[in-house]
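Labels run A, B, C, D and E following the written order; every chain starts at residue 1.
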C-alpha cells in the first residue's frame, strides 16, 4: 500500500495517466461515432464493467487482504438477477437492481460469515468452494437454461432509460465506475477503511487494540459483493445473456489477475488492469491463435519486474521524479 | 478493591501444567512484577490475561467483573492493554495514523464510511497528545516503515497510552535493549507509576527491583513467593530457584 | 446397494483418493513447506501425462516410459523453478498465484502446439489389462496398481519428510530460510530439489492417470482444483493430512455420486430427484470442505508453526 | 596480523538506501573471546550478518582463516566454520527440539571431540526434558538454549553469539557464562554481543565498541574497566 | 468485385478446440482460389473460447466492426444460445454447422438461421431408434449433467421403445466413471447408451473398456466416439456402436472427394464436425452462385439458401420448415482399421418420431 507514501502530486505520472484515461474513456463514444466503429464501444463497455468488478474485488483483496477466489459468483448473481427477472417478464431496472442488492447481500452475508472464520489459503479455497456450489446450482437449473444459459428477453428499463442501447449502457457503466472509484477513494480513507487496511496489515494487533475485526471484514465483504453484483447487472445487459460460465472459477481467476496486473490496493489499479488484460488479449488474439503462449510469460514477467503491477511502474516513475526534483530544489537552496 | 484479580487459574498443555491454580492480584496504580525461571509460565499467564488463550479453569476478574470468557478486543476496550515483545505496529501507516487507530478503537464503532479520518479532530488531537508524551510529535507524519527501531518502540508505547488503559501487561519490555536503552525504559515506566496498574514480566533484575511494588515468583506454574522487592531478594527459595548467586 | 457393489465403490473411492493424493503430496510439499503457491502443479501433471504417453508410444514399454519420465519431469521442474519461480519465493502468495497462473496459460498452449488440440492416446499396458478377482469381486488390475503405487509413494513421502535429515531441513526451510542457510545448508538447491520432487510426483500422477483418462491440454486444472480442496481439508503442508483428506474426498465423492441420487429418489419425485441428485453430488466435496473449514479453519491436520 | 583467524577490513553495508556500517574494522585471533559492545542500532547485528554472508557488504573484505568470505553464500561461510546464535533466537518452530538440534548438525571441520546430542542435553538439561516438543511450544528462554545448542552442533571454529542471554533467567545466565568460559578453555574462538558488561569483563580478551557502524574504541578488559567513565556515552552504563 | 465477407465463430481454444478446428479446416477446404460458388470471399475467424460472453463479443465484432455478410460455424450450444438472436436480429445470414439447441429449432427459429447439422434432440432420437432397431429391451442411459445431456436423454426416450432401467447424470468434466460403471454393471441391462462429448467420452470409453465391458455389454453412444476423440481412443473403442450423421466411408461422390481432399490437406480423417462445416460452405457457395454474389436482395438469398441446392457429404439433404436439415443418420460402428480403429457407417436409421420443433417454429 505504498500509495500512502507517494502523495497524489499534481502532475505525477500516476495522476496524469489516470486523468487522461478517464477523459479518454469519456470520449470513446464520440470517437466510435466518427470512425463508424461501434464495436469499440462494446469492447470498452466490457472493460468498464470488468473494471467495476475488479474494483469491488480490490476492496477486499487489495485493501482488506482477503483473497477471494470466488468473486465471479457475484458477477454471475447480478447477471442472473437481470436474466431471471426478465425471463419472468419483469424488465423494470429498479426492481432488478433491488433484487441484485438483496441477493448479493444475503449471499455475501451467508457465505462471508462462514468464509471469514478462516484466513490465508483456506479463505481462498472456501470462497472458491462457495462459488463452485452456486455454479453447479445454476448448471442444474433446467428451467433457466442450465448450462446452455438464458437469453434476456429485453434490457433493463430504468424509468425509460433502457440499457440495451450501446451508448446508454456505455455511459451507465462509465458513471457507475466513476461513482465506484470516488466512493472507494472516500471509503479507504474513512474510519471504516482505515480499520480494514490496518486489519490487513496486522489483524492480531487490531484485536488487541479493541477492534472486533470480523465484523468489519464481513461488512467490506458484503459491500464488495454488492458492487460486483451491480457490475453483473450491467454485464447481463451487455451480453444480453446469462450463463453459469460467468461464475466459473476461471472468471474469478481473471478478476484476480486484473487487480494484480493493474496494481493491488491502488485506486486505479483495477481499471488499469482490466484495460491492460482485455486489450492485450484482443491484440494478441489478432496476432496468433496461440496467444496464450505469449500472454502467460508476459504475466510472469510483469510479476517479476513490478510488485505493484502497472500502478507500481507508474509509482516508480513518480518516486524517481520526486527524488530528482528534491535534489534540484536542494541544490537551488544551497546555491542561494 | 483490586483492579485485577486472578483466582485459581489453570492452563494445561498436554501433560504440562503451565499455570497451576494460580492466584494473583493487581491494585490500581501498582506495578506488580512476575519473575521466575524460563518456562515457568509467565508468558502463558500474560496471554491468558490478555485473552489470547483461554484458561482451562479459574477466574479472571477486572474491576470485580468476570472477564474470563471475553475475547481480546472486548478486554482491550475495558482498558487492558498489552505491549508486544516484538514491535507490532502498522508499518504502512504514519505514526499519527497508528496512534489514531487506538483512539478510534475507543470511540465506539467504526462504521463511518465517508469522512476522511484526516479531517477528524476528535481523532487527531488525542493522538497528537499521546505522541507528544513519548516525544515523537515532530515525527508524526513519517511512515512507520521508515522509522528507527527505537522510535518504533516509543510509538508502540504511545499507542498503548492513547487507549487510556487502566492495566498494562508488559512481557519483557527490556528484552533486546542495550543498557542505555533499558535505563531509559525504566525511567519511562517509573514516570507511569501510580497512573496505571502494571503487570511486568522481566528478567532484568535491576529494573524489576527498581520498579516493582510487589513481586510474585512463579515456578512451574505455581507461585512460590509474593512480596516486596526486599522480601523477595532475601527469600532463600527464590535464590535457589531463580536468582542464583549474585550477578 | 449390494455388498459387493459397495466394496467396489469403496475401492473406486480409494483409487480416486490415491490419485488425488499423488497430486496433493507434491502440491502440499511445495505449498506448505516452501510456502509457495504453485498453481502450475496441474500443468506439471498434464506435462507428465503427455510425456508419459509420448514415451510409451515411442519405447513401447510402460515401465521404461515410467523410468524415463522421472528425469524428464525433474528437468522440467528444475527449469521452471529456475527460469520463473526462484525470484518469487520471498514474495506475497498472491504474486505466486498470478505468476503460476501465467504458467498455466503457457503450458496449456504449448501442449496444444506440440500435441495438437485433440485428446492424446495412451493405453493401459498389456500386462495390466485384466481384472483381479478379490473375494469374488472383479476389479481392474490397473486400478489396483494405482492404489498400490499411491500407497507406496505416500509411505515414501511420509518417511522422507518425517524421518530423514532432508525432511527436517525441508520443514525447517519452510519457516526460516535464512537461518537454515546460516547453519550451513544450501537452501537454494534444497528448494530446487523439492520443487523438482513435486514435479516428479505430479508427473507420476499424470502417468498413472494417462491410461484411464483423456490426455489433453487443460486436463490439469479440474484436478488441480480438486487437489487444492484436498490439501485445504487436510491442513496445508501436512503430508499426513493430504493423505487422509485425499482418501476422504475420494470416498465421499464416489459414494456421494452413486448413493445420493438413489437416496433422493426415495423421498423426492423422480424428475426433481434426477436434477437435485447430480447437482448435490457435484457440490458434495465443496460442501465437505466448507463444513470442515467452518469447524476447523486450519483443516483436519493443521501443521503447527508460528 | 597474518595469524588472525578473522580479519574484518573496512566493511560498508546498506539496508536499501540507508547505510548501517561505515567502515567496520576488527580482528579476532584464534582462541580469543571478543565482544562487540554498543547501544541499540549501532550496527552490531549488521556486522554479524555481514560476517555470515546474510547481507552483502558494498565494500571491504572479510578474511576467515586466510580466505576471503565476502561474496560467498551464507551456507558456504557456515561450512567454513562459523557458527551463529542469531539475535531473536530464530529456532525452527515446526521442528521438535531434537530435530532442531540434529537437522543442521555437521562436523565439516572434523573437530576432535564433536558436539553430540548427549553433550548438549548435559549442558541444558531443560532441553532434554522437552526433547519431543515443537520449537514453537518452548518458552522464550528454552528457545534461547536451543539456539545455542543448535549452533554448537555445527561444531564451529568461531562461535558468534548475538544477545545469547537475552530473556534468560539469572540462574541460567550464570550457567551460560560458565559454559562459555568452558568453551573458551577448549580453545573455541568466540564473538559475543551482550549487554551484561559485568559478566563479560572476566571472560573477554578483547572488546570493540561499535558506534554508528564503526569501531570507535578497542582494548582489553582492564583498559575497559579503567576507562569506564569516558566510555559512558557509548555504553550508557 | 468486393469479396463477400464471411465470419467464422468457433471454439478454437481450450478442451473443445479440436471441434472448432475441424469445422474451420473443412470450411476453408471448400474455398477454391478464394472463391465460393465463383464469388470471391474473405473469411474472418473468431475464437469464442467456449465462453458465451466472448462469443457475444466476437459476434458483435463481426457484425459491427467487420460488417460481415454471412456468419457460420459455432461449436457449442451455450455460445449458440447467446449469439443466435443478435446475429439474426441484425439480419445477417447465419449458417450453423454444429450446435443446435432446441429453442432455436422451435419457438425462437429465424428465417436468417440455417443449420447444416441437426437439433440436439434429433441426434438422440436417432440413437433411441437405433437401440430399438437393435432389439435391446432394457437400456441403461448415461449423460453429463447439463442441458445437452438432459436433452439427450429426453430425445433418446422419445424413440426408444424398450425400458430405460435407469438414467444417470454425471458431473460435467468428471474424470473418473468407475463408480458409475460398477453401478451399471450391477443393473444388468441389455445395452448402455451414453452421451459424453470430448474428453469426457475418452475417459468413459477407456474406463468402460478397462472394466472389461466393451464387447460384452453393447455400448451405443452419440457424439462420444467421433472423429475428434477416436485418435485418442484408437483400438480401445473397437466394438462400440454409435449413431451419427456422418462417417468418412459414406458412399457418395461428394463425400469421396471431400475425404480425399481433407486427408490430403490435413493428414487426418474428417470428423462429422468437419463434414457439417463443409456442407455449410457448399450451401453458401450454392446460394452465392444463384444470386451471383449480390447479397442486397435478402429475400432472394434466403430463398437460395433454403433451396439447399448443393451436394451434401451426408447424402440426401433438404431443409425442414424450421430450416434444420432433414438428412439421414447412420449406424456407425467402430471397427479395426488403419490407425487402430476407424468409423464405418452401416445402414441409415429411420427416425420414427420427431420432436415437434418444426411445428413450434412459426415459419412454414
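What we mean here is this: a contact is a pair of C-beta atoms (placed from the backbone, for glycine too) under 8 Å apart; a residue touches a chain by one contact, two chains touch by 3 or more.
Quick caveat: nothing in here was measured; it's all calculated off a predicted structure.
Visitor: Which chains lie in contact with each of chain B and chain C?
Guide: Under the touch definition, chain B and chain C have A, D as mutual neighbours.
Visitor: List every chain that touches both chain D and chain E.
Guide: C
Visitor: From the centre of chain A, which other chain's Cα mean sits the farthest off?
Guide: Relative to chain A, the chain with the farthest C-alpha centre is D.
Visitor: Rounded to the nearest whole Å, what is the centre-to-centre distance of chain A and chain D, using the mean of the C-alpha atoms as each centre?
Guide: 51
Visitor: Centre to centre, by mean C-alpha position, how many angstrom separate chain C and chain E?
Guide: 35
Visitor: Determine the centre-to-centre distance between chain A and chain B, using the mean Cα coordinates as centres, and give it in whole Å.
Guide: 42
Visitor: If you average the CA atoms of chain A and of chain C, how far apart do the two points sit, in angstrom?
Guide: Each chain reduced to its C-alpha mean, chain A and chain C end up 32 Å apart.
Visitor: What are the residue numbers in chain A that touch two or more other chains?
Guide: 136, 139-140, 142, 292
Visitor: Which positions in chain B are in touch with at least two other chains?
Guide: There are none in chain B.
Visitor: Give the residues of chain C that touch two or more other chains, as numbers and ranges in rising order.
Guide: 112, 278-279, 282
Visitor: What's the complete list of touching chain pairs for this entry?
Guide: Inter-chain contacts occur between A-B, A-C, A-E, B-D, C-D, C-E.
Visitor: Tell me, which parts of chain A touch chain C in their complex?
Guide: Going by the criterion above, the answer is residues 61, 67, 114, 117-122, 125-126, 128-130, 132-133, 136-137, 139-140, 142, 249, 253, 256-257, 260-261, 264, 290-293, 295-300, 303-304, 307.
Visitor: In their shared complex, at which residues does chain C touch chain E?
Guide: Touching chain E: residues 1-2, 5, 8-9, 12-13, 15-16, 19, 112, 116-121, 123-124, 129-131, 138, 140, 142-143, 209, 211-219, 222-223, 254-255, 257-258, 261, 274, 277-279, 281-282 of chain C.
Visitor: Give every residue of chain A touching chain B within the complex, in rising order.
Guide: Answer in residue numbers: 1-2, 4-5, 186-187, 189-195, 197-198, 201-202, 204-213, 216, 219.
Visitor: Of all residues in chain B, which touch chain D in the complex?
Guide: 13, 35-43, 86, 148-150, 172, 175-183, 203, 205, 241-245, 247
Visitor: Spell out the residues on chain B that touch chain A in their complex, using ranges where they run on.
Guide: Listed in rising order, the residues are 50, 71-74, 76-77, 81-82, 84, 88-94, 97, 100-102, 104-106, 110-118, 120, 123, 143, 159, 163.
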